[in-house]
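The two complexes that follow have chain A in common; it is paired with chain B in the first and with chain C in the second.
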Partner chain A sequence: MDKYIEMIRIRFLMMLAYRTNYYTGILIYSINIGAYYFLWKAIYGGKETIEGLSVLQMTTYVAVAWMARAFYFNNIDREMAMEIKEGKVAVELIRPYNYLTMKTMQGLGEGIFRLFFFSVPGMLIVSLIFPIRFSADIYTWALFSVSIVLSFLINTQINLLTGMTTFFLFNNTGLIRAKRVIIDLFSGLLLPLSFFSQGIQEVFKFLPFQGISYVPSMIFTNGFSFSETMQAIMLQGMWVLILIVPIQALWILAKKMLVIQGG
Partner chain B sequence: MKNAIEVHGLRKEFKSYSSRSGLKGAFRDLFSRNYKVLRAVNDISFSVKQGEMVGYIGENGAGKSTTIKMLTGILTPSSGDVVVNGMNPHKEREAFVQTIGVVFGQRSQLWWDIAVQESFRLLKKVYKVSDEEYDRHMGHVIRTLDIEPLLDKPVRKLSLGQRMRCELAAALIHNPPLLFLDEPTIGLDVLVKLKIRDFLKEINEKYNTTILLTTHDLTDIEALCDRVVMLDEGNIIYDGALKNLKETWGEGKEVQFQFLERVELSALEKVTQELHVKWELEEKEQHFTAYTTDEANAVSDLIGAVISSFQIKDVKIMEVSTEEIIRKIYEKGEV
Partner chain C sequence: MFYLQMLAQYIGQYLKTRLQYRSDLVVELVSDLLFQGVNLIFIIVVFGHTDFLNGWSRDEIIFIYGFFLVPFALFSSFFNIWDFNERYIVKGELDRILTRPIHSLFQIVLERMELESLFGAITGFVVMAYAGARLGLSINWYDPILFLIFVIGGVLVYAGVFILIACISFWADARTSIMPMMYNIGNYGRYPVDIYNTVIRFVLTWILPFAFVGVYPAAFFLRREEWYVYSFLTPVIGVVFFAISVFVWNEGVKRYRGAGN
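So, the complex of A and B:
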């Protein structure tokens, strides 16, 4: 376990190695949240509520969705693709650890760093500009915390799957880009899922994406009842377990097929 | 003594895709592709004893790196048995890699953006090395390789020679009984090379570390390894002492003359026609080189014959270099 914690520390150091990246990171988050806030204000116009969400709930939803994204989002799929393409994965395989667990830990290091050093400062800046209502309820915070940890796991598992396809496709830049857009849209980051038509919502119930962004944001904005919340968290947990299966299968297959590129 | 490496009938095959020519071909490639099965390593067998230093050589693409990757558990063999340190590398990968150290000359195993000592610290945790052990062993390694002043620098700021010394230290953090070095001296200057060689000799003596080394720099092999395994197109073509190779292939001697006055090649040939000598003239410098046999008095006969007829400025007697021998073997493709 020691080595995995050490990896999180190393990831922190790597994020801090380039200061400009850090400062622009905060700026980008603030701009993104700001842009969606004004967009939604325009859409609401004079209306009190749309699809059961008030303006205040909506703006909070947007802010929280982005804050959660800072935590669950990571680039390990791109990193894996690069490591496999350049043959660096050889170096990873001569170390006594599980490559996929180590990648997950790197993602977690990145997530924790972003949450505390991008999101929190970003939120402070944003809350000065427009109103966001944070829940005072400790249970909401607790459930939200559990939920975003599960979001992180689901998103990371999907990233591992996407990253591993490089073993078979050798170049999967397109796939990675497509995956990112699909997650942003289907997870409810850009638009709460309750805004989609009924039929599409039914389909989403059978996909893991809503567990990434929609569930934690709805919990935070009190958009779910207690039983709905519990059900949603259970569903997230189930997806985490289900996704282990294809990951293991693909990993075993990948090791057999592995070709180290570039000598 | 037990063997560090045992390999029997090891084989690795790759599918190699070939593209059809032209636009039409490219479209056809979308649906079905032509491929050939290439055999990178062809049923090789060898063993290495604990404490041996073995040079693993061959032309580019002979299958050296593929073998190393199978021995380190990165690649799965197509067929054959591999037992390294008493384990099956790809089946028990995590336990196995704890017992080996690997340096890939062309890839870094240190983290690019952070200080060297942070990489060391992570590796120390990864290999579960205790603080005392680390201080005792790595303290020595760091002093010998002279990398103390580099530890707080990020890897991207190191020169190649500095980085290579750090790579070597990183591979030795857990003091493994078996060390794989894949072209460790590629692109390094003479001083760094010497330092690395001395260091490898030292750890071999001190800890009886087995070392398997691939390189294109034969001086590395000469300085370090008693035994070489030579690979060509996936087959082992020679496995034995470097000395024997020299004796069987280093046929003949070269004697180089420079004369005070101008001398014609035909005149030299005439003087030495009784001896088995082949002459060559290097026009620019006016060096005349005679290739003669290995017989006991061949060289003295040759020099005697030349001296009695011409005024000599300089004579050099040369042995055939290892490089020359290896070149000949590569060209012929067998020993």
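So, the complex of A and C:
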């Protein structure tokens, strides 16, 4: 276990060394939040609420969805693809740790770094510019924290799966890009999933994506009732468990047919 | 003439290299299409809850997005200078560029072409045709000509802004992440500018004139007469910004001292 915690620490320090890159990152996210803020204001027009969300809640939703993304988002799928393509994965496999767990831990180190140096200051800056309401309820914060950890796990698991496809496809840059676009839409980052038509929402219920962004953001904006929150968090936990199955299966398969291209 | 010949030569070479890896090319096109699809889905879902966005209807917004795709596709095919600093300044590649017998900027454009982005223009035409048909837009004899002029104006706006930002590397050697930021600001131009506040509108019109790539020129074809002045300003703004950027580029090249090894 120690070695995994050490890995989180090292990744955290590595990110710390390059922290200047992140100041512009906050600006980029703020620009995105700004664009959606004006867009949503125009969409609401004179309306009080749409799908149970007020303008204020909507603005908060957009802001928290983007800032939470900084925490759960990572590029380990691209890193894995690089390591597999360059053959470095061969060395990784003989090291005394589980490659996939290690990748997850590196992602976590990155996530913790961004939480402190990106999400928190970013959220403060954004709340100065746009009207955003923070919940005063301690339970909301607690549930949000649990939910956001689960979103990290689901997103990372999906990244592991995408990364592992490199073993079979050799070149999957297009797939990684497509996955990112799909997650942005299906996870509820761009707009709350409750805005979709009933039929499509039914489909979403059978997909893991809503656990990535929609659930934590709705909890943060108090858009869910207590029972809905509990149900949503349970669902997130269930997906974390379910996704272990394809990851393990693909991993065993991948190790069997691994071809190191050069090295 | 010589420049056109060079362009043809480079395009030929480019096609050869790309067609060597066809499956990769197909996946890339599909993911581009997916990206454009997501933006359209966003518009469609949102308009399931409202009829007008500040007086603009769903089909008008879709039309603006379709128009935006055409200049944007041309821009991203020919002006991939977003990594100019790392690729040319830090690695000293610009030394090589300067020994070539054509203008340095044109040489970089040739080297960094990504012609597959042109497919985005086809998507744009399809989207415009769909929205235009639903709106019952008429096409006059002069529309195609103006369309061409507006599209070129939009491309020049985008190119001008991005070249100017690339030029920062000539004066400051710090790594900047302004480029990705600009892409995000560019997205503001896809929606009617009157939904933003006055400051952002002013910026999008006169300082980072991305509104001239989407909503302003598209307003002409939507027959929104209140925006006509801005529509017709599109080529002017494009030429002005592009001319400034080429001027600054030339000044920058004069100052260039090489990466030093």
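Definition applied: the second predicted complex is superposed on the first by the 260 of 263 C-alpha atoms of A that agree within 3 Å, B and C clash if a C-alpha of one lies under 4 Å from a C-alpha of the other, contacts with A are read in each partner's own complex, and residues count from 1 in each chain.
The rule is simple: a contact is a pair of C-beta atoms (placed from the backbone, for glycine too) under 8 Å apart; a residue touches a chain by one contact, two chains touch by 3 or more.
In this text, all values refer to a predicted model and were calculated from it rather than measured experimentally.
When the shared chain is aligned, chain C comes close enough to touch A:177, but chain B does not. When the two structures are aligned on the shared chain, A:122 is found in touch with neither chain B nor chain C.
Once chain A of one complex is fitted onto chain A of the other, the partner contacts of A:256 are limited to chain B, with no touch recorded for chain C.
Number of chain A residues touched is higher for C, counting chain B against chain C. Once chain A of one complex is fitted onto chain A of the other, the partner contacts of A:196 are limited to chain C, with no touch recorded for chain B. Contacts of A:24 after superposition on the shared chain: chain C is touched, whereas chain B is not.
When the shared chain is aligned, chain B comes close enough to touch A:2, but chain C does not.
Looking at the complex, you find that chain A touches chain B at residues 2-3, 6-7, 10, 13-14, 17-18, 87-88, 90-91, 93-98, 255-256, 258-260, 262-263.
Of all residues in chain C, those touching chain A in their complex are 21, 24, 27-28, 30-31, 34-35, 38, 41-42, 45-46, 48-50, 52-54, 176-178, 180-181, 184-185, 187-188, 191, 195-197, 200. Against chain C, in their complex, chain A makes its touches with residues 21, 24-25, 27-28, 31-32, 34-35, 38-39, 41-45, 47, 50-51, 171, 173-175, 177-178, 181-182, 184-185, 190-191, 195-197. Within the complex formed with chain A, the chain B residues making contact are 14, 65, 69, 72-76, 90, 93-95, 97-98, 100, 102, 104, 106-109, 111, 113-114, 118, 121-123, 125-128, 154.
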